[in-house]
Structures are given as structure tokens and as C-alpha cells.
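What follows is a single structure, and I will ask about it in a moment.
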Amino acid sequence: MAITADTLRHAATRARDAAALAQDDLNAADGRLGDGDTGVMLRRLFEAVATAIPAHENDLGIVFQACARACASGTGSSLGTLVTVAMMTLAKATRGRSEIGWDELGGLLASIRDQMMARGGAKLGDKTVVDMIDAVASALAHCATRDEATVAAQKAAQDALDAFRARPNKLGRARMFGERTIGLDDPGMLAFSRLLAAVAA
Amino acid sequence: MKKLMNAADAFVDEMLDGLVAAHPTLVREARVVRAAHAPKPGKVGIVSGGGSGHLPLFTGYVGPGLLDACAIGDVFAGPSVDSCIQAIKAGDGGRGVLRLYGNYGGDRMNFDLAGEMVEMNGIRTTTVLGTDDIASATPDEAAKRRGVAGIIYAYKIAGAKADAGADLTEVTATAQAAVDACRTIGVALSPCQIPGAAKPTFEIGADEIEMGMGIHGEPGIWRDKLRSADDVADEMVRRLLADPITDKSERVSVLVNSLGATPLEELFIVYRRVAALLRKDGRTIVRPLVGHYVTSMEMAGLSISIIHLDAERERLLAAPCACPFWRV
Amino acid sequence: MKKLMNAADAFVDEMLDGLVAAHPTLVREARVVRAAHAPKPGKVGIVSGGGSGHLPLFTGYVGPGLLDACAIGDVFAGPSVDSCIQAIKAGDGGRGVLRLYGNYGGDRMNFDLAGEMVEMNGIRTTTVLGTDDIASATPDEAAKRRGVAGIIYAYKIAGAKADAGADLTEVTATAQAAVDACRTIGVALSPCQIPGAAKPTFEIGADEIEMGMGIHGEPGIWRDKLRSADDVADEMVRRLLADPITDKSERVSVLVNSLGATPLEELFIVYRRVAALLRKDGRTIVRPLVGHYVTSMEMAGLSISIIHLDAERERLLAAPCACPFWRV
Amino acid sequence: MAITADTLRHAATRARDAAALAQDDLNAADGRLGDGDTGVMLRRLFEAVATAIPAHENDLGIVFQACARACASGTGSSLGTLVTVAMMTLAKATRGRSEIGWDELGGLLASIRDQMMARGGAKLGDKTVVDMIDAVASALAHCATRDEATVAAQKAAQDALDAFRARPNKLGRARMFGERTIGLDDPGMLAFSRLLAAVAA
């Protein structure tokens, strides 16, 4: 079974609920090396997305476009804007299509990663959400089914989280805490892994 | 930390309502504040924006000879892409718009995205980033420095240049030169709290100060026991003067700025010392500013900005401007 | 409470040094600050004074269209008799001097003594006392009320009247009428500390506010848990409007004033509500003021002043004036 | 032996030392119902007086005039100004004289009391320094010698302090504390009694 607008609607609801649940953990993670708002931002953002997603639209591009619009008006945080960028990338890539295959997901994530890097100036290894998207994109490259993708993506996300924990943040607000960020999860990566787990479940 | 406020979620919108109610020269449209006169046909527009919680920055500097419009976000969070688009459109008088704002990752992404989108509407835009905070990165990484209080000099100078009829390229170059000639450093004594947050933005001992702390509580250079005003001013001025600047000049302007709770009395005690130090360094202070110009709500502390002035910048600084918090 | 200062005994003098260094329109002579233009021959002089620690009050309001000179004391202590004498002399342009200051026992004795002494030099003086704080005495003891933020309206209105060439009797009557038409009430959230003192001026719980507290921490009307900004504003405006005033008018000006640490964001949230309440009461707000106008160093809290405007007062309020902190 | 300029010089030194010693107590007393500055003000004031008093002048009026000048330029507090008023009153009353008798002291204090009331607007019974001066003036009315005066003045001061403690302050800053001032010493009265004890000793 391919990914359709219904898959997205379902995922949006789960993401909204997961963001609400994860709010405090994400705020706390961001509070240790940023301004402590990742959680509240993400909750508000996915509430807006879940509300904005059209109920009877089959064109994936139009669905993603609606999500992008909700994000663009709903937040000004770094991570929120990167989510906007992701939605816009997906909207462009899926315009006119009513389904995409699970085997296309890795490629889409790779373009999201590239767009995010172009927009935000992060490099691989800076310990941002981009590093996790990169890892998940690679892991999905050879997955053809939902089940394969689910397992591979979650494992890749967890591995990235574990691998980067021991490294310092090199970007944005967190950069200024330098060595003190070693041992801490990057809030953006943590957020992505939580949402992934919720959507995959 | 006690605040006179209503619901935390309403903080920014109620604040904006009050701001425009008190100052009819400002017009509010959602999360954008524009000058009543904007857009001004034939004038290059100047647009800024950023998070709330820094009044008079950003929205307070909207007015003739300064900003045409401002996009404003939640407290300490950038404005949304839509607000940035809306602000740029509100500032566009047909000769293009300079996006002039502080160097923070989120703000940059949003204003960049917004810039690309308005280009489809035929609006030319350029960007100049405030990067005056010398405590936020070393000189060789100066492009990573965040923008703090010094940005108001860039507002004033670029605003006067645009008022004088300069084109987008000229206004942009003038703004960039103003940023390049300006350096700021701050010192924090006590934190602030984001409305609705469970605790203050940082913790600091009852007898401690932190040199170089950012306006959102970003970590600084050192934290130690409180020192005398003169000692603190000495170190701040020394660091500011030691930072490499291509175009140093004998004539400078100085901004001694309260981060919020620090009263004018202390600012003047510090200014007195800063003026003496600059005099000793052979410099002449032009049009000094002492007061609450760029704050972090109730944070205690202050920042010192020094901008080197060539003849044009000095002239532009003296040109008329009018906003609720700065008038020449 | 942390302060960026040097020796406590030098606090006031260093502050004054910084003030006049930053603002060359002000001239300092010991504990007197006078306008560079003062005395202005043929103009009635207006002189004020009081304790330090309330900047911009008192010395910050020296300038054309406002005060001619100010006598200034230690923090929260009145100016000495000598300083009062000196200020009156500095303000005398030959047509007499109005002594316009807040109703505090010590200040009154000193300005009275000074007035008698300068009379020997042939300087005619009159007195108008700021008595706007409705929390400090009941209406039937209105003469006992202390003067707080509302006095700046009297400065502005009397200053414009004097500038217009009025004689001492007229200026005095206009100032008195301005005081009579103005009411203020304050609310305090946290205390300040006198430089060198062992502890803050008062204690207040982390979740408490005190309605009606004075600017030196004088006890107010009630102390209770913090309430919403709207609730607090509602009570303050209700009390202000309920207080008897002979000459109520449809047109009023409003000052929402930070006592120090309370940021502009909160002032605007409160102003928004005050404006709505006054509109509902059928009144029109003219030239509102929102900001730091009369403070108590780092005290958190705010005051609301309402002045009723007849045609003359409204015109005088709109007349040009220029000081470092208020320009029309 | 009468009161001469030397008596005053001696008294000024003692007053200065006593004010320094009493500083903290007076600040504390004022801190309970005023702004806590009575002590520091009084210390500074009597330092100025002790410095200003001329070393070789016999005219009591000129000596008091010098004290008055030091006070007028040295302080702006209520009590400080009342001390200035006292010095001015004494200067006027003793101009041209090189000595006054102990039996004149009561009358001089009575004029000080009257001047202070005229200047400061206090009424008898308001619980201010004026009430103590009034009590001491009455007690001195019939004293002809230093020894008599010393005993009578100190007793009257102590009695006034004790009597007024149970009453509320009715003037100035302290007035606003109303009933809460009952049981507390008025800082101005306390200051006067301390200085008196020092000068009398």
C-alpha cells in the first residue's frame, strides 16, 4: 500500500498528539542549551497543521501545501521554519500526485535535508535535526514497504540520537554552550525521533 | 518573577494593542507594526523584526527616518514567515526593501524565505544582519555574532539614508557599514522570565554578574562576583576598543543601554566612566544615548555599544527621525 | 539587590556627572542641575527638587518648556536648604520663581526656608506642591497627599505657561490647577534598595502586590496575591475616577509609568486596558505617556496618572518642550 | 559656670561621637516606620557640625551661625532641617553674647520648639522630636545650674520617650503606618535623647 492523503491525515493527528505529549520533555531538553521553547513551539505547530490539513483533498502536493501554509503563519522558531521548509519541499515534489511509494521516502527526505541545509546553513555533523534526517534518509534508501521503512527509520533515528549525544552542538544558540552540550540530546533531533515514533506506530 | 499581565498566550497581542493605542503613528496588522505613513512611494523601505520582549526594539523604532515596518514574534521567538512577508510588503514603496535585523538562525531563515516569496511579487530585497555582540563569537567568526542593542544605530543611519532618497544598493551598503562600525557588549545581573514559563531564563547568584551574556540569556565570557561599576565599565570598553574594526574613527557615538531593571541612575554612573575612558583614548563622543533602548523585559544588566562615525554616518545620525522612543 | 555602582557615598554625584556628561543641555553646579539657558531673563522661573533615585525625575526634566533648575538630594532624601537656595537663584530671570515639588515634609521645610532666604535677595517665590497620590490620604485630607508621577504634568503645563510670558501669579495658578486636576495611584511588586543600605526598602512576598504603595515604599491600601493586569488596572482606574475633582473633563491625558523594573511590555498591556476603561467612561485620551517617567530605581510596579484637561491645559500640554526624557 | 563657646565646642565633639555610635539604632528605629535613614543622616550632619565649628570664636551667635550653615548645606532630611532651624534660632538669640546662663536654656529650647512647629507644621502630641523638646524645655524652666539642668533634661527626655511609645505617630511618613507605630520609639525623639545623654555626660 502506498502513501496517500489519508496516510497524511492519519499521521497529522498522531503527530499532533505526540507533540502535545512530548512538550515538556522537549522544552526541558531545549532549556539545557537553548531557550526552552522547542516543545511548546512544536505542540502549537502540529495543532495548526492538524487543523489545516484538508479533509477531502487527494492531491498530496495540495495537502502538503496546506501544511506548509499553516507552518509559515504559525511559527518563527528555527525548528518550526525547518518544518515549513520540509512541507514546502514535499509540496513541490508531490504536486499532482495522489500517492507515493514507500521506496520514494528516502529520496524525499534527502531533498528535505538538502533544502534545510541550504536554508539554515547547518553542516552535517553540527548535531541538528538535519543529521537525523540524513541518517533516516540513508536508512530508507532500500526500503520498499511500510514495515521495512518503519523499522529502519526508527532504528536510524535512535542510532543517530545515541551517536550524537557524545558530541558537541555546533550551531545556533546551543553552539555557545560548547563542550557543555556533550552528553545532551539535541532538542530538534529528540523532537524528530518522538514524532517519527508516533507516526510509525 | 511577577508580571502584570493577563493570559500568557495573550501577552504579545495585548502588548501590541497597547503600543499602537498609545502611539497612533504606529499601525498594527496582525503581527506586523508599520508606520502610519508606510509604504512611502519612491523611498527604499526598511523592515526589521524579531522576537517580542525587547521593547522599544523592534516595533518601537517604526517611524519616519527609521523603520517602515516590523514583523514581530512571540516573546524571544522569531516572527513567522508570513509576518515577514507582510512586513516587507508593508514597507515596499516601489524601490525595494532592506531587511535589517539581528543575526539569529530562525529569524534569518524566515526573512530569507519571505524574501524569496515577495520576489515573486516583484519586490526587490536585500539583507543586512546586526552582528554587533562581540561576546558571541571571536573576531575571526564575526559573521556568527548575534545582533543586540547596536542595531538601532543601523536603523537610524540606514533610515536617514533612505529618507535622503538613496537607492536600495546605497541604503544597504550604508546599513552594512554602520553594522561593521559598531560593537556591543553586555553584562547581566539578573534574569527575566518568558510569560508562562515555569522559571527564569537563567540562574545567577545573588552576588554574581556575567560578562557578555546575550539578551536571551545566552552564555557569556565569564561569571564572577559583582564588581564596581568602574571596573565593569573598564573591561567592557577595553574589549570594545580591542575588537578589530576596519574604519576606526576619532568620533564615535555611544549607547549605554539598560537590559530592563537596571535604572537610569546606574546607567549614568557607567556612562560617566565610559565617557572618561573614551576621552582618554582620544575619542570624541557624538550624540550619546543613555536609557532603555533594547531590553529583555525585567532582566537587570546593561550593554555598551560604540559606533565609529565617518562624516556621512555622523550626518545621518543627526538627521531628523521620529518614533515613540527616539527623536532627533 | 545588585547595583552597578562604585562607593555608595558617591552614587548621587557620579550619577549627576554622567547625566550632564550625556546631556550638555544640562549644567551641574554641586547638587543643582540647571538648564544651559537658565536663568532666562523675563521668564518666570520654575524650580523643583527632591531626593535622588527617581530618574528621570527630577533633574531629567530640566529644559526649555519645563524646569529651569532642580535641587537634588541624596537617594530618597530631600535637597539641602543651600541647594534649594542655589536652584531658586539659578532659575530666577527677574520675574520670580515658582517652587514646584512633591509634598514631603522635609522638602517643604527646606524649600520654605530657602524661599525666605532668597526673598532677602529680592527674589519673589511661590509654591505649588504635587499632591496627586490618592493612596496617601483620603480626599478630605487631600492636602496631606504626597506628590508622585503626576507632577510631570504640572511641570509641562506650568513650563509652557511660563514660556508664553505669563507672570508669577498666573504661572502659579496654572500649576496649582494642573495639580488639582491630576490624580495618581501606584502598585508595587518588588522593592528597591538605597545604595549602601543593608536591605531593601520593604519586603513583599514572591506572589504579592501592594496597591497604593508610595515611591519610597510608603505603605499602601492593601497587599494581596498578584492579580491579572486587567484586574489591577480596573481597580486603579476606578479609584482614580472616583476621587473627587472639581473640574472633571471629557478630555484627559494618561501617564502609565514604570516604577523601574517593570518593562514596557507590561505598561502597554495595562495602557490598553486603561484606554478601554476611559473610553467606556466617555473620555478621550490626549497625548498619553507610557514609559519610565518617575521611578524608584529598580522597584517593580507601575503608577497610573490621569489629568483632566480644560482647553488651556490641553494647549499647554501640546506646546513645545525639550528635555532629555520628554520632547514635544 | 555659664555656657560658652568652649562648652559648645566640647558638646559638638561629643554629639559627633554619639551620633556615630547611635547610627545603627536610629536607622533601625526609622526603618520600622520611615525610610531608615535617621542614623546615617545624623552621623553625617554632626560630622559636618563638628568640623564647621570655629576654633577661636567667642561670640555664641557666630558659633551657632556656623553650625547652622553646615546643617543647611549638609542635609535635606526632615530632622536635619529641624536641626538647622534650631541652630538658626540659637544663632539669632545669642548674637553678640559670649555666654549664656543655664537658666536661659529652657527658654531657648521653647523658642526652638516654636520655630520647629512653625516650620514643620507639627502639633504637640504628634509624636515627633518637637514633643521631646517641649518636655525638656518645661523641665529646664526652673534649673539654674549645669547639674540641675543635666538631671532634669535627661529625665524629661526619657519620660517623654516612655510616654509617647504607646501612642501613634501622626506626622510625615510615619503617620501612614498608623496604629502600627504604637509601641515604637519615634526616631527623632530617640535621636534627641541619645544626643542629650552624650552632651550631658
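Note that the chains are named A, B, C and D in the order they appear, and that numbering of residues resets to 1 at the start of each chain.
Going forward, a contact is a pair of C-beta atoms (placed from the backbone, for glycine too) under 8 Å apart; a residue touches a chain by one contact, two chains touch by 3 or more.
Owing to the predicted nature of the structure, the values given are computational and were not obtained by experimental measurement.
Colleague: Looking at CA centres, what chain is most distant from subunit B?
Modeller: D
Colleague: How many angstrom lie between the CA centroids of subunit B and subunit D, rounded to a whole number?
Modeller: Once rounded, the distance between the two centres reads 55 Å.
Colleague: I'd like the Å distance between the centres of subunit A and subunit D, where a centre is the mean of that chain's Cα atoms.
Modeller: 78
Colleague: Can you work out the whole-Å distance between the CA centroids of subunit A and subunit B?
Modeller: Taking the average C-alpha coordinate of subunit A and of subunit B, the gap between them is 32 Å.
Colleague: Sort the chain contact graph into one of these: line, ring, star, complete or other.
Modeller: Shape of the chain contacts: a line, open at both ends.
Colleague: What are all the chain pairs that meet the touch criterion?
Modeller: Result for touching pairs of chains: A-B, B-C, C-D.
Colleague: Contact residues on subunit B for subunit A in the complex?
Modeller: 51, 73-74, 76-83, 105-110, 112-113, 136, 144, 194, 197, 201, 214, 216-219
Colleague: For a test of understanding, state which residues of subunit A touch subunit B in their complex under the given definition.
Modeller: 35-37, 41, 71-78, 80-82, 84-85, 119-121, 171-173, 175-177
Colleague: What part of subunit C is in contact with subunit B in the complex they form?
Modeller: Checking each residue of subunit C against subunit B gives 2-6, 11, 14-19, 21-22, 52-53, 55-56, 60, 187, 189-190, 206-207, 209, 226, 228-230, 232, 256, 260-273, 275, 288, 290-292, 295, 297-298, 300, 302, 325, 327.
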